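Naming follows writing order (A, B and C), and every chain is counted from residue 1.
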Amino acid sequence: MIFVFAIFLLSLLVITSIAIVRTTNLFVAVMLTSIFSFLMAANFFILDAADVALTEAAVGAGVTTVIFLCALALTGEREKPRINGRKTARVAVAILASLMIYATFDKPRLGDPDAPVHQHIAPWYIEKTTEHMDFPNVVTAILSSFRGYDTLGEVFVVFAACIGVLFILGVPPPAQKRLNKVVEQNKGLRHHLIPQVVGRLVIPFIVLFGLYTQFHGEYGPGGGFQAGAIIATGIILYALLEGENKALQAVPRSVLLGMVIGGALLFGSVGVICMFMGGNFLEYSVLSADPIWGQQLGILVIEAGVGMAVCGALLSIFHAFAARENVS
Amino acid sequence: MDLIAHLPALQVVIPMLSAPLMVLLQPRGLAWAGATVVALVSFAMAATLAIGVLNGLTPQYFMGGWPAPFGIALSVDAFSAVLLLIVTGASAGALLAAKPSVDQQVEEERQPLFYAAWMLAMAGLIGIVVAADAFNIFVFMEISSLASYILIAGGPDRRALPAVFKYLTMGTIGATFYLIGVGLIYMMTGTLNIEDMQNRIGDVTDINPILVAAGFITIGLALKAAVFPLHVWVPNAYTHAPHMVTVFLAACATKVSLYVLIKFDYLVFQSRLVDHDMQFALFLMPMAILGILIASAVAMFEGHLKRLLASSSIAQIGYILLCASFISTLGLSASVVHLFNHALAKGGLFLAVACLAYHYRDLRLDQLGGASTKMPWTCATVVICGLSLIGIPGTAGFISKWLLISASLQIGPWGWFLVAIILLSSLMAVAYVWRIIEALYFKAPVEGVGPQSEAPIQLLAVTMLVAALNLYFGFFPQVPLELATEAAGMLLEGAQ
Amino acid sequence: MKLLELLGYFNYWVFAIVLMVGLYAVISKANLIKKLIGLSIFQSAVFLMYITMDKVEGGTAPIIQKGVENQIFSNPLPQVLILTAIVVGVSTLALGLAMVVRIKESYGTIEENEILDAD
């Protein structure tokens, strides 16, 4: 039964992607992209990737859509038609696609337990997680310890995006547009009753769920990234309902930037402390006399750093776009 | 704690962790000072590592203390030592000179973010060079790419923005292609560690996915390395970036992608794929030759100084690829030496451009007339670095051209054809370098534009230092040659 | 051919098709936002490829339950890699959109051909 469902979802995925490319209304395209992400997340869930599904739903369908909409509000939602150059692109793309489909016939079949992917290093992780960390979620163990250096890199990718958006949008917008629209800014949806009430009810639960994901990451699906993204969406929702200024009063820009810098430095300094205590960079076992507790402590701290940095970065990016909307 | 043992990690971690601190250094000039100190420290670390490699060490480092195929390993060999010297040297040199030029081009309140991005770009490039893990390379590639998009977008001209956007789309496609390739290899071998891949790829029976992976990785990295004909993002991005960013990125950014390309092809694919050396050579050689000829020709007719130099960079990447496609010790050494020497020559030229740009707003060649009378030192460095770019004896460029010609002659009758092409393209280089010199020395100044004095001493001193290095390495090429020969030996051994 | 086998191929086919749909949008569309949407579809397709290979027949999500013997787990490693890749994707996107906003402000359009004409 699940297979029929999977095939159904995958077909929908293809249809949605084609629809996204075909539509000339960018607003529609962005909404379809959000649906595309949800379908993707459902697929990931069927393929046993609970952590990834959660992230894709929070980041792909949630945050990405909001940032897209912010940008659309500043640029306009109509795409102009264009005729030339499409045929060659179509032919090139079709050839590439058929080549890739041809190449799939040698791939190991789906779910084959003897496939090389499942033989070499994957069993080691599952075995060692219990031995070294003694908590159930293997994904969290790999993410924050076995391949913690990748995750550090990833935090710095987010940091780069954050300072990049602040840098690029740090130039004052052209002056001629500033005159109009001063009156309507920053009202949010306060005059709409239903979103107001529902939002009030939902936001605390979103934030609570985010915190749960943060601190429960070692036991179930979740961790810093997901938590950061979920909490950020909660606050973005607040900003949409109450107006951006109120959200900024609750969490000012400097605090957000501080969260990004602090989170990234927190992660990095855990690594450096490990060096000073005689281990390699990010070798959490040396943090405590009991290596298992050391690992757990290190993972707890760096996950907090990741959560802070991601949440701060996503919100800074959102505010950078939203602030521009108000002046232009 | 034993600092030396931690060097490979510190080399990445110090610039990376300094980036958030840069944002906090708000007062005027402090961010620049901090960034320069960090870059100099990184250069010192790279030099220490290079000396270690010359003494026969190959430092390895296990992140988190987890053993190699399971955790992420870092390793430094002769090849990566050369690249480390280029990246940290280019960054330190550019930053030392940067202050006057950056103050002119980037608003003061945005400067802390600018230098933070610079640190990230440097950390990302270093991270790629020392990584021994295919996926880790992807992560650091993204850090360095995002940071360089930011740096280029700092250009004062609005045309910088579409240029970066193009770079962003092409760069992301390149990185994603690389990710697909790594995924396919991982699917067939079950590992992400490059050395482990090398050992396990021989046991793979179904060869098609590996072939597809080789295609994706080669094309993806060629996009990032601006190999002809995938170079279209380069001229605009280099032209409209802030001048100091051009110095830094032109000296090392594309070269790091080239490094990954060569390393992957030699170490992972060539050892196991039957006839892959032939495929590699036959695929890359025509692209390299076409790139050399066409880009040099474009440079000969280009009217804008920075764009001319950017076109010449594409031709130089062609040389590096051409040498690498011979699959011989001499060819690979030539390739690695040319990576080093071209960074020196082009870095020096772009530094001189920054000096000129301090006084000239418009860098088209016909606007630069008479510069030699007011800025004699700057123009002298242009001449020296230009000669090095052509490959005149006595300059660093000559060493790599000489190696390149010897390596071509080694491959038999075809070699003469290649030598002819190299000579032809060198003549073209003479032509375009002459056009610059002609503009600086022999054209009459345009009314109303033109400098009253030399460039600021800080900028000029570094430019002259780099020009001097071009001469020094022309007479004493031992260190780069030794590292390059060792790197070539290591790559070929891996390919057996 | 077992049903799972067919589904396995189907996953890869969908990966190939969606990847190419995304690439097509990036190459052939002139609107910069549409290009970025294409880019994010393009990247999502790769996520699908990685996650497809992590599946083990009869396996569950890699969360160890105490006291249960002989559990089969799907491979955790591709999941970790894709968690990283998703965040990288959204970061690139945010940066790209910031540029689009600035391009709109300084050129008044976000159609590539009109930008080329303007300079």
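Quick note on the criterion: contacts are C-beta pairs under 8 Å (C-beta built on N, C-alpha and C of every residue); 3 or more make two chains touch, one makes a residue touch a chain.
What you are looking at is a predicted structure, and each value in this text was computed from that prediction instead of being measured.
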Quick one: point me to the chain whose Cα centre is farthest from that of chain C. B
Between B-C and A-C, the pair joined by more C-beta contacts: A-C
Measure off the straight-line distance from the CA centroid of chain A to the CA centroid of chain B, and report it in whole Å. 32
In whole angstrom, what separates the CA-based centres of chain A and chain C? 12
Distance-wise, how many Å sit between the C-alpha centres of chain B and chain C, to the nearest whole number? 29
The positions of chain A in contact with two or more other chains are 100, 105, 107-108, 115, 117-118, 121-122, 125, 147, 150, 153-154, 157, 160-161, 164, 168, 171
The positions of chain C in contact with two or more other chains are 19, 23, 53, 77-78, 81, 84, 88, 91-92, 95, 99-100, 102, 106
For chain B, residue numbers touching 2 or more other chains are 135, 139, 142, 146, 149-150, 153, 186-187
If you look only at chain B, which of its residues touch chain A in the complex? 1, 6, 9, 13, 16-17, 19-21, 23-24, 61-66, 69-72, 107, 109-110, 113-114, 116-117, 120, 123, 127, 135-136, 139-140, 142-143, 146-147, 149-150, 153-154, 186-191, 200, 204, 206-209, 211-212
Contact residues on chain C for chain A in the complex? 3-5, 7-25, 27-31, 33-34, 37-38, 40-41, 44, 47-48, 51-66, 72-84, 86-95, 97-102, 104-106, 110-111, 113
Looking at the complex, which residues from chain C come into contact with chain B? 19, 23, 26, 32, 35-36, 39, 42-43, 46, 49-50, 53, 77-78, 81, 84-85, 88, 91-92, 95-96, 99-100, 102-103, 106-107, 112, 115-116, 119
What does chain A use to touch chain C in their complex? 3, 6-7, 10-11, 13-14, 17-18, 20-21, 26, 29-30, 33, 36-37, 40, 43-44, 47-52, 55-56, 59-60, 63-64, 67-68, 70-72, 74-76, 79-80, 82, 85-86, 89-90, 92-94, 96-97, 100-101, 104-105, 107-113, 115, 117-118, 121-122, 125-126, 129-130, 136-139, 142-143, 147, 150-151, 153-154, 157-158, 160-161, 164-165, 168-169, 171, 173-174, 219-221, 225, 310, 317, 320-321, 324, 328
Sites on chain B touched by chain C in the complex: 135, 138-139, 142, 146, 149-150, 153, 158-159, 161-162, 164-165, 168-169, 172-173, 176, 179-180, 183, 186-187, 192
